[in-house]
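You will see two complexes here that share subunit A, one where it goes with subunit B and one where it goes with subunit C.
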Partner chain A sequence: MTEINKENKEGIHLISVKGEIDAGSSILLDNAFKEAIENKEKRIATDLSGLEYISSAGLGVFISHLEEFSTNNAKLVLFGINESVKQVFEILGLEKLLLIVETEKDAINVFNE
Partner chain B sequence: MSKKLTIVCSKDELIKVRQFTSDALDEESVPDLEAHKLVLAVDEVCANLIIHANNCDPINKIEFNIEFRPTQIMFTFKDKGVGFDINEYECPSMDKLVSTRRQGGLGLMLVKRIMDKIEFSTEKNHNICRLIKTYPL
Partner chain C sequence: MPNKLKIRLVFFAALLFWALFAGSSIYLIFVKSYEIKENFSDLFPQLSFSLFVFFTFIYYRYAITRADLLNFTDLLWKVFITGLVTTLLSLGIQGFFALFANSSILEGPPLFNFFYNILVGLVIIYTISTLVVWKRLILYQKSKNLLRLWRFFEIAFGVALVFDLFGKHSGDYYFRVAMLVLALVSIVLVFNLKWIAYLNFRQKWKGILFILLSGIYLYHFHRSLSWFSATNTLVIDMLDRVFILGLFGFLFAYAIISILVTLFNLPTSSVFEQKLKEALDFQKLSQSVPRGETTDQIYETLIDSAISVVSANAAWLEIHGNDGKRQVIRNLSDEQTAIIKEKIDNKFIKDILDLKLRKNTNTSKLSSTIKHPTFRSIMALPILVRDIQAGYIVLLNEIPEAFNQEMVGIVTTFVNQASISLENLTLIRESLENERYKEQLKIAKTVQKSLLPTSLINNKHLIMEAFSMAADEVGGDYYDILEYEKNRFGLIIGDVSGKGTSAAFQMAQMKGIFHSLVREGASPEVFMRKANLALSKCLDKNSFITATYFNIDADRSKLSFSRAGHCPGLIHCTKNNTVNYLRSDGMGLGILRNSSYDKYVNKTEIDYGDGDTILLYTDGITEAKNKNGEQFGDERLKISFERHCNKKPKLIRAGIKNDLSEFIEGLEIDDDYTLVIVRFKNNTDD
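So, the complex of A and B:
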């Protein structure tokens, strides 16, 4: 079961992901990012504290939108990643491409720097 | 110990494969972090077989087997789809994936980095793909 919620919090577009993202459900995450791009969101934080599993299909969603975020001068920050999921990002070296912090407070601080 | 599961070629079956694999690894007391990686590699190969080799056709089936040997764990997939040897797949660079805005290409990269050995063969009208992880994990 996958659940994706979107809200605006303190001027930040917050996307919260819960459950499992695999080849079948990655489209939900993709749609959330596409919507953020269409709405010209500049400060996007993704709460992954409820994410239990992510496969390459979900990781590919993050990677595929990086250029567009950069072109639009938008910043994407991920936070709350558990140890099991974090190791998956690290196997591919994605922690070098994506801005990943520990907590929501850390994410907010990134936008306020 | 050996465990077998047969699924149809639908993406909805992936959760079943993950649960089956996770339960089997848990029974063998494989540590959680290592089990998570092995489940991921199995999920990636299975998704590839369902989507690319069998075009998500639920008439087609995949037989999946996990065998715990004294020195290794062997995951075997048997299907009748379009054969593809993962060993021949050249992983794209991460820079290329980012610049071309591609969503695919990471799955087999993960499988190659997680598993110790990948074997592919065709026997009669079946393709057989084996993922091998050697102890210590």
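So, the complex of A and C:
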């Protein structure tokens, strides 16, 4: 089952994803990002430590919001990605466009820099 | 035997036996008065009479049962007409006697008895036909017991006919017993009057009139028969017979009870009519879907039935659907509905009109009073479709407190039925749309299949094998090869994100791009940059395409490629028998939709040897899962390729497919998956 939680932590909008993101559940992730954009969140961190699998539709969600984040001056940081999911990001070349760090601490540090 | 012939035969038999009865009774007078020593039994006229009765009964059974479609008033009309004709004839006889009262013609029993016999014939015709009609009325809603009782009743009359052969008189003990039996059965039967309930107000009045007249006929016949009896010159006095007395008694009793019950039912008949109308309206609503009616027709039926069932003066219905607001109004203008809406101060009804209904509807709160110059009572009911309030119906009445709980209940059932009809309509529409979607998918699949190359290159430079399987009927996997110059080939493998129809169309665009760019002789980097530019303009926002494009120069045994986010292929080198990934940096097409993409494009060039093989695939292979949720993965694919790479390309394909299906153990792969194998051969001859 896919679970997406949103919380505000020290001024950072944290979206945590658990389970699998496929064509069906990608809509949930898409909604979470859309909401963040609507709320004009500038510091967005996404916890992917619970993400087991992501399909191309799920990757499409990240891709579709890349431009909006940059035009809105919002920063998106991903952390806690497991090896197999990371590999999917890497093969597609997404790791060059997304800010990916190891831990939540690292992510907070990115915003505090 | 045809029915018509049967009826005629029975009719003639009845006529014949009446003639025998009349003839023999007059003959008996002569036998007695002239003391003719003849062996002629008293029994004969009575027997003829019994048979006459029997055949008359059979005749009317046929004649009246045949007219099955007759309604109650038509049946009573029949009784009335038969009675009228027979009565007029009997009056004719009486007139004849009155005319020749002092004449000598009438002296002497023979003629007297002859007229009496005619009268008896008329009486039997009338009483028997009435009996058969009464029977149909009594048995209108029959139970097994009632049917049994009626059969017993008929048999009892048959027995009475036989009993009469013995010539017992009214003072006799057995005579009384027989009369008692008939009377008891009659009393039970007389109270079966269910048919009356089905008459409407007008029909009831008609019924009373006809039955009253039939009673008067009976009375008249009885009087005529008594008049003859009083003269004491009769051979057979019919009023001294169990059969005739029993029959008269029964017919008369039923007529009286029917009239009384119909009279008492008159005031309530409007209620019954109303109920019947409700049932019919309800049926109309429930049948509206199978008849293929539209939602508008359902609304119209609902509002009209609701108005008629509660006698409302005005009403309107409002439905908010996907395609906007729909209003049906009766006896009101648009402005008036707005005014009425404002006048409502009942919060519950207000909520219904604002479509803010909470789940529990309390029927007692659905009707209320209203402060309005014309309308004093209001009833509002929500219309729920799939548990969501889609609209409401409002009924208005000029009388204060005009709507009672029962009315609310009835309209509720109407609304519920309409809701079901509406839901069914939606379901039908959805399933039709589904059907259309499937049809489109079929077309897309045909298109998609035609996009993949039908023949692969298989010459002295290259041997190619490929296999592609689409999930969800239409896939987004694409591979192709083209010899754009002599011994120079362009090879592509690609995967459109997503599945289904849109993926297939994006794949078609990819094919167009491939064919135009390959013919230009574009290098892999140029290919990717131009492809990205072209796709940026036509791909959906959240779609992208991964691909690897190869240039194969067979003359120089060189392979150059650019990888755009596609899973890296494998190469087997025969020289040192190793399998390696064709690694290279790159980014999927359509991820960056401007020139900034260009800097992420790389080109890798390698030399290949004779017999070297490359294996290309899409992520459907590596992401195929087994029962435990494990993916087939890069490592297993590499091991599998290592195991089969020295075989012929066809066998490599078969071997890897086999390893994959062993791994997933019969599970379905829910993604498109593609395998492409290319083996290089060095032919330096030309």
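Just so it is clear, the second predicted complex is superposed on the first by the 113 of 113 C-alpha atoms of A that agree within 3 Å, B and C clash if a C-alpha of one lies under 4 Å from a C-alpha of the other, contacts with A are read in each partner's own complex, and residues count from 1 in each chain.
The definition used in the following text is that a contact is a pair of C-beta atoms (placed from the backbone, for glycine too) under 8 Å apart; a residue touches a chain by one contact, two chains touch by 3 or more.
Note that this is a predicted model, so its numbers are computed, not measured.
Of the two partner chains, neither subunit B nor subunit C is touched by A:Leu14. Of the two partner chains, subunit B is the only one that A:Glu83 touches; subunit C does not reach it. Once chain A of one complex is fitted onto chain A of the other, the partner contacts of A:Ile63 extend to both subunit B and subunit C. Look at A:Ala36: by the touch rule set out above, it reaches neither subunit B nor subunit C.
In the superposed three-chain model, the partner touching more residues of subunit A is B, compared with the other of subunit B and subunit C.
Within the superposed three-chain model, A:Gly24 lies in touch with subunit B and out of touch with subunit C [touch as defined at top].
Once the two complexes are overlaid on the shared chain, A:Ala45 sits clear of subunit B and of subunit C alike.
Where the contact sets of subunit A with subunit B and with subunit C meet, they give residues 23, 30, 53, 55-57, 59-61, 63-64, 66-67, 84, 91-94, 97. By the touch rule above, subunit A contacts subunit B in their complex via residues 20, 22-24, 26, 30, 53, 55-57, 59-61, 63-68, 83-84, 87-88, 91-94, 97.
On the side of subunit B, the complex with subunit A involves touching residues 11-12, 14-15, 18, 32-33, 36-37, 39-40, 43-44, 47, 50-51, 94, 97-99, 101-107, 109-110, 113-114. Taken in their complex, subunit A has these residues touching subunit C: 23, 30, 53, 55-57, 59-61, 63-64, 66-67, 84, 91-94, 96-97.
Residues 495, 497-499, 541-544, 546, 564-568, 585-588, 590-593, 600, 619, 623, 631, 671 of subunit C are the ones touching subunit A in the complex.
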